[in-house]
Amino acid sequence: MTYKVAIAGATGYAGGEILRLLLNHPAYASGDLEIGALTGHSNAGQSVAELMPHLPQLADRTIVDTTVENLAGHDVVFLGLPHGHSGPIAKALGEDVVVIDCAADFRLKDAQEWEDFYGSEHAGTWPYGIPELPGHREQLQGSKRVAVPGCFPTTMTLGALPAVAGKLIEPDLTIIAVTGVSGAGKKASVPLLGAETMGSVKAYSPGGTHRHTPEVIQNLNPLAEAPVNVSFTPVLAPMPRGILATITAPLKEGITQEEVTKVFTEFYADEPFCHVLPVGQQPQTQNVVGTNMCHIQAHVDERARKLVITSALDNLTKGTGGAAVQCMNLSLGFAETAGLPLAAVAP
Amino acid sequence: MTYKVAIAGATGYAGGEILRLLLNHPAYASGDLEIGALTGHSNAGQSVAELMPHLPQLADRTIVDTTVENLAGHDVVFLGLPHGHSGPIAKALGEDVVVIDCAADFRLKDAQEWEDFYGSEHAGTWPYGIPELPGHREQLQGSKRVAVPGCFPTTMTLGALPAVAGKLIEPDLTIIAVTGVSGAGKKASVPLLGAETMGSVKAYSPGGTHRHTPEVIQNLNPLAEAPVNVSFTPVLAPMPRGILATITAPLKEGITQEEVTKVFTEFYADEPFCHVLPVGQQPQTQNVVGTNMCHIQAHVDERARKLVITSALDNLTKGTGGAAVQCMNLSLGFAETAGLPLAAVAP
Amino acid sequence: MTYKVAIAGATGYAGGEILRLLLNHPAYASGDLEIGALTGHSNAGQSVAELMPHLPQLADRTIVDTTVENLAGHDVVFLGLPHGHSGPIAKALGEDVVVIDCAADFRLKDAQEWEDFYGSEHAGTWPYGIPELPGHREQLQGSKRVAVPGCFPTTMTLGALPAVAGKLIEPDLTIIAVTGVSGAGKKASVPLLGAETMGSVKAYSPGGTHRHTPEVIQNLNPLAEAPVNVSFTPVLAPMPRGILATITAPLKEGITQEEVTKVFTEFYADEPFCHVLPVGQQPQTQNVVGTNMCHIQAHVDERARKLVITSALDNLTKGTGGAAVQCMNLSLGFAETAGLPLAAVAP
Amino acid sequence: MTYKVAIAGATGYAGGEILRLLLNHPAYASGDLEIGALTGHSNAGQSVAELMPHLPQLADRTIVDTTVENLAGHDVVFLGLPHGHSGPIAKALGEDVVVIDCAADFRLKDAQEWEDFYGSEHAGTWPYGIPELPGHREQLQGSKRVAVPGCFPTTMTLGALPAVAGKLIEPDLTIIAVTGVSGAGKKASVPLLGAETMGSVKAYSPGGTHRHTPEVIQNLNPLAEAPVNVSFTPVLAPMPRGILATITAPLKEGITQEEVTKVFTEFYADEPFCHVLPVGQQPQTQNVVGTNMCHIQAHVDERARKLVITSALDNLTKGTGGAAVQCMNLSLGFAETAGLPLAAVAP
């Protein structure tokens, strides 16, 4: 069987990354996967050559309007649209189509949290695309609906997970996550100009105001002894891609570096995309660029009695497009790692 | 009177920054300040034209060896040498010469802390060069010895100071400070190559292992109700200059954003180099590059009951060379702000 | 006398740079120069704190509308407006006001060239703000009107000038100028986003299509033996500031490196802002950032019989705002170098 | 059959890139290709985890000494060693082993040119690894020896080739090639520190002094009407990877943009890795990062009567490691494009 894949919002950064990965997917090479409609909004009618010159194989393709008509007739539809558009499209496409949504619409379970942070009516919840979360892989296998997580929540969740589940820390997390500028998307904006962002870092949406805060809490709460408290502040750094989260929390009485290392290493021993680094080595975003990997380290601050976890991934790959393809693999029954690079484009 | 100034270790980044500031100092323009010997070690005999082409006024100067002979006969000597060299030189120069030391040797009061973090014998303590710390300005006025602080401790201290002194927080600080690459100095090294640092961030010396940890604790302890606990992790970011510290701590019962803003604003109302930003605006390192300013914001994370303070400065100016010149101004009786830019080279 | 200065279009990059320089100008410190109205268009009513946080001294100022009323009553008016607005404003302000225009309107002498490259009616010509061009300094002294040059033409002109005037080359110039992203201004645009420009270079407006081409030809023609031919292509590089031009031209028969070095060195011997580097050393934009300097080198390619000239400056300082202040100094009778840094913010 | 591959100098940037590509090669996935010895010099005994954390699949491997013993017993040996080492090793390995040399040793045919530019005895010439050069693909098929070209010569050759072969220009080329910092290799050096290279560009090895000059001339001469004259100046830009060459040459009488576009498009119609962009679109290095592609444009400068060609590639992929794997594919009889990405990691 050949699966026909469409991408709505193909010209954004998430769409472009999904395309890059699909073009290198073994199912694409073998003809089991075919790239169908590529849709956009303001740039419908323009060519891929013009809009995404990094995809020369598709140079002759034309972007079509994001309509149900254009998306119908595909087996898999990736949605890379602004929040609020996914629900109606998914409904119209029907239950037999695999819909993988890169927006936030179906991530949060708590309707009040949704309304507080997004200011609109709650759309519901779909299987959540972090297969590494206990119990989630099973839900994603064969699922026709997937809510791809936010890039920050994936970084923070994968970092904090072993410590929370392993009861190494009090669940009171201070998280600073440094992100590259592509996280803000491909829309014209003065504060995101090269001249405003190069050679400079700044914090934004400090402490609790970023929409990804309730998402990470939702991910960690089921595994924690007590409700998880998170103070999360993102920092914008002058690099195109990458997120590095530092997660600091009070270390439980008596926990040692040795135990921490053991818990982290064993927790991810069978996960192909989570790589706990050797003791003493810190994650660097360069080493995950273009890959579906999350590199992780956990360091015991003896003096301050804190655990300092660091986790790094590529916000466009494991943070969005790679996670989307990983979930597609699980949905269609491909090997979970198919088409997902482990080795980074470094330096 | 004309003050004659020498710089030992002139070709490093701290030395170059001190020279840039002195060349624009009104006392240099008026002839009250003269630039004398510029010393170096491996590059003695080379010209400034070759080693510091950003200082065309001094192009014809030659770097001489770092010896007491070459440094003698000056009224002010700035030391930009590796740790361990400052004591003997200062002693040999005598008590009448103003010695402003950019190394760590005379910063820490606790001999044990020094030995734990630096691994050598404690040299003693000199007046510490953060005039904004209560009581310090008075010690620095007319002082013949100054220990210029580390760049991280200045950023962290100026950020945390109003909250600690104002009793807004429990003194349990989690600090992540993102730094530009010049902080590591001008020495050949593979991990600091452009190819290894551009487009990438990484944490290093995580939680408690960085030498600047005891220094910030020493600064804050006298103003705190209880011993200050600090978990500090630096992050290396792809920019030449700048530090952005995020300081998170448990907010005391009942403290509001309004009170926080009031305390911070009033605390620094008379300080020319500390600028508390309007509510809702976050510090960005670009806005302090080349200046002696520290931009500060304090945000109440209501949900997590944390205070999130952000502070930004230029590690080579307010973080090192600017602080050194500010202290020279206090020592010699110049206006404290003389020759120290407030307006940044942005973008 | 106190000169009162207004800036129209103050919130753009040119306006911000003029302000940075004026705030450090000795005439500002002495009270001989006062900063008056700061005007803008879409952001009138907003504060400087919000729009230009790198200028803390002016934080409390409010941007007013760009109208003749708001600009009237000043002795000097800098114009940082889009092309086409300068003429009417200058006329309305009257002949006694010094008007220094950072737009292109009054740069080109040839009406046809203007129409070909800018597509509107030719406004006329004002004294052209490169004092280093033979005869120009005299025209600028006391002038009430100044056309500040484009940033590329200044870089290219200062580099090529000694070779053209000194008859070292055939006047057939191939110029590639690598520029930082601030050259494109502070307006929202997808191709100028940080994510599109970091870690990447691209050429644009290739060979002859850039509007600065006729301007450099106009500058060089009067000094050349024959009409100057220029093929100019700019390249956008991932840095906030700086231009590096490489100018290649056929070397005349018999000309040696020794003669070239002699001609260049002597040509700029008395120019405070043109610095010919020692033989073997190449200009680097970092070494001119924030300064009004142009660093220049000229290398004889023996094998290909070409002269390869390289020149570097800061597009916002010597390329725009610094040149504007230099011309203000000449107009008002201040020292030409007043308030204009020679030492760069490096690294 | 399973081909066993060794890499000498595996921990350098070329070695790391070859490994990244091999790990994603379909022959590696199918077991037809196996990664054997990885050798180094100063870092022998260290783990890949420590030295190349971007290759987690090989984390447990240890780097061994670069000796003939360690390299023996492989079917393919890639050499990423400093100039001068390849000859003796190749000889010792014997004629049955495929040796693919990333150093310069066997590139130049003219012994005098070798001695002039490299200062040692000429080692000879091997089949030269630009399959896109007329006649070269045939020589590389099945060859047991390959000299991988320099990254600049590949960029310049692929750009200039259609114009020289198509007789569109006089063969008098002015080339400015902007390069990322990884081109200088992974060795400690002050001028290549992040602080020295970020936010800054500089020219180096100007006009005719760079060793890659004779290599591009050698490539183009056989196709030109007259001896090719090249003035080549590289410029270092703040990005990890990528080269953008601008090649300017006198346009022949009567040649139009239409003809130029036709010649370029047809010349590369069947080449999988050479992509001539639509008229009006310029190459950007971001769009080739991580790929084996060369993006090319050719623009007629009507006014100056010049042809301005721009070509972009990733110096570590098509410029080195990708070319090496492409040549391995030709040598072993794999599909030429196997394992070589066309779609870039952008933004």
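The chains carry the letters A, B, C and D, assigned in the order they are written, with residues numbered from 1 in each.
Here, a residue touches a chain if its C-beta (ideal position, glycine included) is under 8 Å from a C-beta of that chain, and two chains touch if they have at least 3 such contacts.
Predicted model only: the values in this text are computed from it and were never measured.
For the pair chain B and chain C, chains touching both partners: A, D.
Set against the Cα centre of chain D, the chain with the most distant centre is B.
Looking at A-C and A-D side by side, the one with more C-beta contacts is A-D.
Rounded to whole angstrom units, the spacing between the C-alpha centres of chain A and chain C is 44.
Measuring from the averaged C-alpha position of chain A to that of chain D gives a distance of 34 Å. Listed for chain A are residues 13, 182, 186, 195-196, 198-199, 238-241, 284, 286, 289, 347, each touching two or more other chains.
The part of chain B that touches chain A in the complex is made up of residues 174, 176, 178, 195-196, 198-204, 206-208, 213, 229-231, 233, 235, 237-242, 244, 246, 248, 282-286, 289, 297, 299-308, 310, 312, 347. Here chain D touches chain A in the complex through residues 13, 16, 19-20, 23-24, 26, 29, 47, 49-50, 52-57, 59, 182, 186, 198-199, 240-241, 275, 277-278, 281, 284, 286-291, 293, 295, 341-347, going by the rule given at the top. Chain D contributes residues 13, 180-182, 184, 186-190, 192-199, 238-240 to its touches with chain B in the complex.
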